[in-house]
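Quick one: structure below, then a few questions.
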Amino acid sequence: MAPTDTDDKSSPFFDEDDAALLLIDHQTGLLQGVENQDTVSLRNNVLALAEVAKLYDLPVVLTTSRAEGPNGPLLPKLNEMFPEVEVIDRSLVNAWDDPAFVEAVEATGRSNLIMAGILTEVCVAFPAISAAQEGYNVQAVLDASGSLNDRAEQAAMSRMEQAGVDLTSWFTVSSEMLKDWTKEVAPEQAAHFSERTGFYELVLESFNASSAE
Amino acid sequence: MAPTDTDDKSSPFFDEDDAALLLIDHQTGLLQGVENQDTVSLRNNVLALAEVAKLYDLPVVLTTSRAEGPNGPLLPKLNEMFPEVEVIDRSLVNAWDDPAFVEAVEATGRSNLIMAGILTEVCVAFPAISAAQEGYNVQAVLDASGSLNDRAEQAAMSRMEQAGVDLTSWFTVSSEMLKDWTKEVAPEQAAHFSERTGFYELVLESFNASSAE
Amino acid sequence: MAPTDTDDKSSPFFDEDDAALLLIDHQTGLLQGVENQDTVSLRNNVLALAEVAKLYDLPVVLTTSRAEGPNGPLLPKLNEMFPEVEVIDRSLVNAWDDPAFVEAVEATGRSNLIMAGILTEVCVAFPAISAAQEGYNVQAVLDASGSLNDRAEQAAMSRMEQAGVDLTSWFTVSSEMLKDWTKEVAPEQAAHFSERTGFYELVLESFNASSAE
Amino acid sequence: MAPTDTDDKSSPFFDEDDAALLLIDHQTGLLQGVENQDTVSLRNNVLALAEVAKLYDLPVVLTTSRAEGPNGPLLPKLNEMFPEVEVIDRSLVNAWDDPAFVEAVEATGRSNLIMAGILTEVCVAFPAISAAQEGYNVQAVLDASGSLNDRAEQAAMSRMEQAGVDLTSWFTVSSEMLKDWTKEVAPEQAAHFSERTGFYELVLESFNASSAE
Amino acid sequence: MAPTDTDDKSSPFFDEDDAALLLIDHQTGLLQGVENQDTVSLRNNVLALAEVAKLYDLPVVLTTSRAEGPNGPLLPKLNEMFPEVEVIDRSLVNAWDDPAFVEAVEATGRSNLIMAGILTEVCVAFPAISAAQEGYNVQAVLDASGSLNDRAEQAAMSRMEQAGVDLTSWFTVSSEMLKDWTKEVAPEQAAHFSERTGFYELVLESFNASSAE
Amino acid sequence: MAPTDTDDKSSPFFDEDDAALLLIDHQTGLLQGVENQDTVSLRNNVLALAEVAKLYDLPVVLTTSRAEGPNGPLLPKLNEMFPEVEVIDRSLVNAWDDPAFVEAVEATGRSNLIMAGILTEVCVAFPAISAAQEGYNVQAVLDASGSLNDRAEQAAMSRMEQAGVDLTSWFTVSSEMLKDWTKEVAPEQAAHFSERTGFYELVLESFNASSAE
Amino acid sequence: MAPTDTDDKSSPFFDEDDAALLLIDHQTGLLQGVENQDTVSLRNNVLALAEVAKLYDLPVVLTTSRAEGPNGPLLPKLNEMFPEVEVIDRSLVNAWDDPAFVEAVEATGRSNLIMAGILTEVCVAFPAISAAQEGYNVQAVLDASGSLNDRAEQAAMSRMEQAGVDLTSWFTVSSEMLKDWTKEVAPEQAAHFSERTGFYELVLESFNASSAE
Amino acid sequence: MAPTDTDDKSSPFFDEDDAALLLIDHQTGLLQGVENQDTVSLRNNVLALAEVAKLYDLPVVLTTSRAEGPNGPLLPKLNEMFPEVEVIDRSLVNAWDDPAFVEAVEATGRSNLIMAGILTEVCVAFPAISAAQEGYNVQAVLDASGSLNDRAEQAAMSRMEQAGVDLTSWFTVSSEMLKDWTKEVAPEQAAHFSERTGFYELVLESFNASSAE
């Protein structure tokens, strides 16, 4: 099933009520293949992106590639965050080739898809291009994904651009969902930025300290 | 109000009498979130860009995001440079979603918009894409803006390109306004380059010294 | 002869039964001209890509540029891997200008061409653009190719993108051929990843050791 | 009071029962001055180092530089970790010039001092050199400290080396305390590495998953 | 005068008999503004590109921006190489705005223009975009040009791409002119590569030495 | 005249009343030779260091190398800052070989010398090593100096270390002079940090804004 | 047992008949902790170093840290290369604290020790410093070892230098053993360089090809 | 023969009448092994250093390692510059082990030796350490030498420092020989800087142009 006709995409931005998050192959073995982003930052960004879905109640699809072999299990923190989501384990490289995955996406009822995964050039680029070809609006989250080397990532970025996939970052996704600092979620969003960006904790604590005097 | 019909954009370049400068969220707290450009250079570039507006009498719009909180006040030097400009403080993330901001832009009467802000991937990219979608010609000034990390900036550049936003730098903007070294403003422009580029002070002072002998 | 009409390209991906590999000027002299990728990694990537062709029985075309002069002979390991392939030595810079090369490509019967070579900006970009112009689907493998300097490579990437050439990496090509981990070739593919990616040997051996206990 | 005579330093290594941790000026304002290490990693490393002190019951000294002004309060997480430690606020730049600080150091009864702080070139280097001159054995933890720019850090490293200060990293300190994986603390230490290094979580979870099968 | 109708551009490549070289503002003062390429390499590349014009008898246009002021004279080696070419000194920033420059371009009778200059983001990008808009085929030589900073160069690359300008490098231009190693110019071309690439001198001399034995 | 006997150097730190600042060959021509530090930052750091001398009334010696030739005049801002200091122009490469320079140093009555200059590997390293050999305590300010390339700077750092010269940065020098935030100069020092470090302006203005509320 | 008195170290170089190779904790889990060297290169260098021991018949000591847990087994290729060497598995962090390890070292009868391991800052630095303290001559092979981050490695290098440990690389070790290209091992050494350096295969094959003509 | 007793080294600097230049293994094959410096710059620096010897009539010793094999002949430009110097071809890795080399050094009558070579970690470090051990004063020219990788170079720098070898760059050597801009050689020295540094040509030509007006 392709995105419905009623989904006319007049806005270039995603909203919290029309988007879903797809996390693809963030497995403990595959994560070790990321050579062009340090592990501490990458893990921080992956968790930060997952937390955006929690904050804005985005439907989430989780999938792994042969998690019982050397690729390893899903990052356990992701299981803990989404205990209700069944992880779809695949033998197919392109998640979009797997009917169970596509069904899970369709079940979200959303035609705006936010994708991240390991490795960018395969596990993100392949389904992102497939979904875009079928009419979905797709954003690929670069800093919550990672690559074997710089050229592989640059090639993946180019190929996704050519296929109409938008590139983004977790902080951008979060800001795009927030839209207005008067929303109820705003204090939680500020706390989230504080926990995950590094700098926001500093300005927030400095502010709190000096305001309190 | 969208750009008027009479604004046919046959030239790919902006002129001093058809452009406006929009500075978005250059706040003391947010500036600390820029991780991929050193603070001394970034501040130099932001002030250099603001000075271009002074040199060429460009209308200026200033806006902040909840300046009374941890995001902090506008960089004070910007207030000093444009005392007559009222700073529009917003709760909306995308400045273009804020009617007061759009009205201020429309009040400039210009359909060629030069935008810079902190962070590039949100505060610049969102309104730049929105404005381009409404028919404005938009330039985003990369080196007077800044990002949380390299991937966030690359994604923002890609997304703005796809939306038809032109990318530029403060020195390019300044040269695009100048157009002719016989204009009255030329000596002031040379002094501006001398103050802000580093290298131009060196060649100018070397030249003055050797010519004077 | 241009690609046949029956080759409608509805899928954005290449398959093992519709693609050919063209290795262009991986010669011992020219390889020394690659200044922006270290020799150990580049050699690893070139051999890794060649091994993909072996794994998936892709037709292979090998060509050199005046191999009897200082450009040097083809990397001997490539001769060893494809003893049945006649190496086409050329005086023409753009391999696509050489009828013998084009004939060899046509003889593969494939309209999806995977190209790598030394240097990227000439030996890959020229025939890639020519082939794309004639209607072939072309992928250029960045990390099994190399450039004189960074700007030369960036320019080549941009020019190939504009001409409709897709950019990729050897690991991406291999994954695109594999498609399904239940295929017969899967264990060999895993061994190949283990030998050539560095990280996969580590996770595989760790897995084997702990599973065996 | 200088280190006691009985402290003969025949071993080049520190032990958990002879060392103290001194955290100097990890304040929310000053941390923003670190331009050559990203904030997410730096914060991770500072907390990782503090947790080493918890794991091995090292005496801790905390000090700040005019915490009520723009330098900002101590990173709140450090207060939470060491609620029993009184933070010594100073006006003196070199903490070693402050009798309260030296007394707190002496009160630990340890002559092996592990120091980290912000900025490396001032807040770490000055007291490290002073303490070494008075006969203490000193280690400066580079990756839990940070500098205004690369040259400032290189100069600080050189100057500390010349003064007999040993350079180290938080992971090295932790390993130096651990000494033996059969110690009771070992499982906690493994969990600590898992939380703070990035990679150790991955190998540990992969191991647990495959061993469990 | 726009390019003539008879210039149908069916080939994506330039030839030695249909292209001209335009060197824009390679002046001793402006060259000092290039902050993102080292001076030794940049000078090597500029001279290498100029030598391509000599090798292939390309018509050359030379222009400067107020050469009697601090921008400085044209790099003297360029005057020596092209004594018959009158250098067009301008007050207009965009060389294409200067009728004398456009006339000189038209006088070459070529509609395929190879441009390089200092700074890339102004002196190359502006006339490259203008010429492309008027129907010329334009290539911008990145490594024989230079920028004030990385973002300025990236923005210029993006803007030229959007305007249909092809990006290239001096080595690519040279190879694109050569086309066939059996041409009479080939030995001179090999000597040129030997003098300017660094690596080719090494492989050539090694070859000569071992062949002679 | 060597440093006097009464100058026993028990402290490893310099004080405002025992140190002098020597600025060597910060000339508009030579500054263009610095290839491993961007001009905007270098100029900022040189002026920042000079301002330290103003803040703490350090005696200043200024010298140039053949300022009437291509090396160019002293950076004019330095003349403006120290109108009472006569600039010693030399033909001797090592300033310490010039009796006028040594006399000027002796005339300061200080045996603790802070040196910066262009280029580090010659104009700083040579006199720094000579002065150290004669018994002076010498600090070389790396970030207010600059080099032709990275290896030249590393070699200079190594050679100065071996000769007993301490390496430092302008911010370190300033902090070493300040010593105590209760000194009268402290507010001026804070303003200086605010103007020259980038980050301190941000934390200070954020603090002022939030405290004022 | 300390090195024997007869081992007077008049030469600053190691010889094939007086040196031993100690490989420490090159385990599949720990290798994933190396964040500042890419895995393909690191693996290449580790194997290259091990092959030096084979070429020159150096006694080899192999040790692991709790190889049955997540640290993983020794890199299997090392087991294959040295089937006769028993791997000493330890719980002690510093290998030199383990009597079995020290006995194995003593059993080699060599007082010149070449060490490499993962991670440099712990598994190499600790026993290297311990062995040097006991009078052994020690070389630490940097590029066959690896670190958690750059600062950790720089600190380790500094600390080893201070303790009298020499730093080296695998290619240097190999050349130091070879000493004379007329030795019987020379052709094997050339083949080894060809296999492991990348560049030497290229020059060797170019030479062979051109010499053969 | 060791350096004569009369050579008391009271100055830390070399002079033109007491130094010799030793160029070691700058061969066309070995030069391709330098992976951490680009070939154009390296070649420029090697020739620049050789030209210093010509300018100051330094005795020169040239040596190669098995130049008739794949290591290749000496860089031909060096033969052209020193036609009267016989190149000593060796089979011994450490040039200092070769009596012919040591005799050639002794024949220069100089005890201050300036060494450069390919690769730094072997061909420079080994004889530099040997010569220093025998009492020579040795400078190793880093930027006219080159290494297989960064760690190899850092290790070599550390090891040479420990052995008392001074590190330097070609520009530093040249300045150390010049000493006084009133010497007869000064105009030639200026021309040499102009040809080899890049920047000096620019400031010199700017100066000449503006002075001439």
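In this document, chain identifiers A, B, C, D, E, F, G and H correspond to the written order of the chains, with residue numbering beginning at 1 in each.
Throughout what follows, a residue touches a chain if its C-beta (ideal position, glycine included) is under 8 Å from a C-beta of that chain, and two chains touch if they have at least 3 such contacts.
Quick caveat, the model's predicted, so the values are computed rather than measured.
The minimal number of chain-to-chain contact steps leading from chain B to chain E is 1. By count of C-beta pairs in contact, A-F exceeds the other of the chain pairs A-F and C-H. Note: centroid distance chain B to chain G, computed from Cα atoms, is 55 Å. Distance between chain B and chain H, defined via averaged C-alpha coordinates, is recorded as 50 Å.
Remark: chain E and chain H have CA centroids separated by 35 Å (rounded to whole angstrom).
Put simply, the C-alpha centre of chain A and that of chain G have 42 angstrom between them.
Touching two or more other chains at once are residues 29, 32, 35, 38-39, 41, 70, 72, 149, 197-199, 202-203, 206-207, 210, 213 of chain D. All chain pairs that touch, listed by label, are A-B, A-C, A-D, A-F, A-G, B-D, B-E, B-F, B-H, C-D, C-E, C-G, C-H, D-F, D-G, E-F, E-G, E-H, F-H, G-H. Residues of chain E that touch chain B in their complex: 29-30, 32-33, 35, 65-66, 69-72, 91-94, 97, 119, 121-122, 125-126, 129-130, 133, 148-149, 151-152, 154-156, 158-159, 162-163.
Interface of chain B with chain H (complex): residues 203, 206-207, 210-211, 213.
For chain C in complex with chain H, the touching residues are 32, 35, 38-39, 149. Taken together, the chain A residues at the contact with chain D in this complex read 28-29, 31-32, 38-44, 67-68, 70, 72-73, 75-76, 196-199, 201-203, 205-206, 209-210, 213.
Those residues of chain D whose C-beta lies close enough to touch chain G in the complex are 12-13, 37, 41, 142-143, 157, 161, 166-169, 171-172, 175-176, 178-182, 190, 197-200, 202-204, 206-208.
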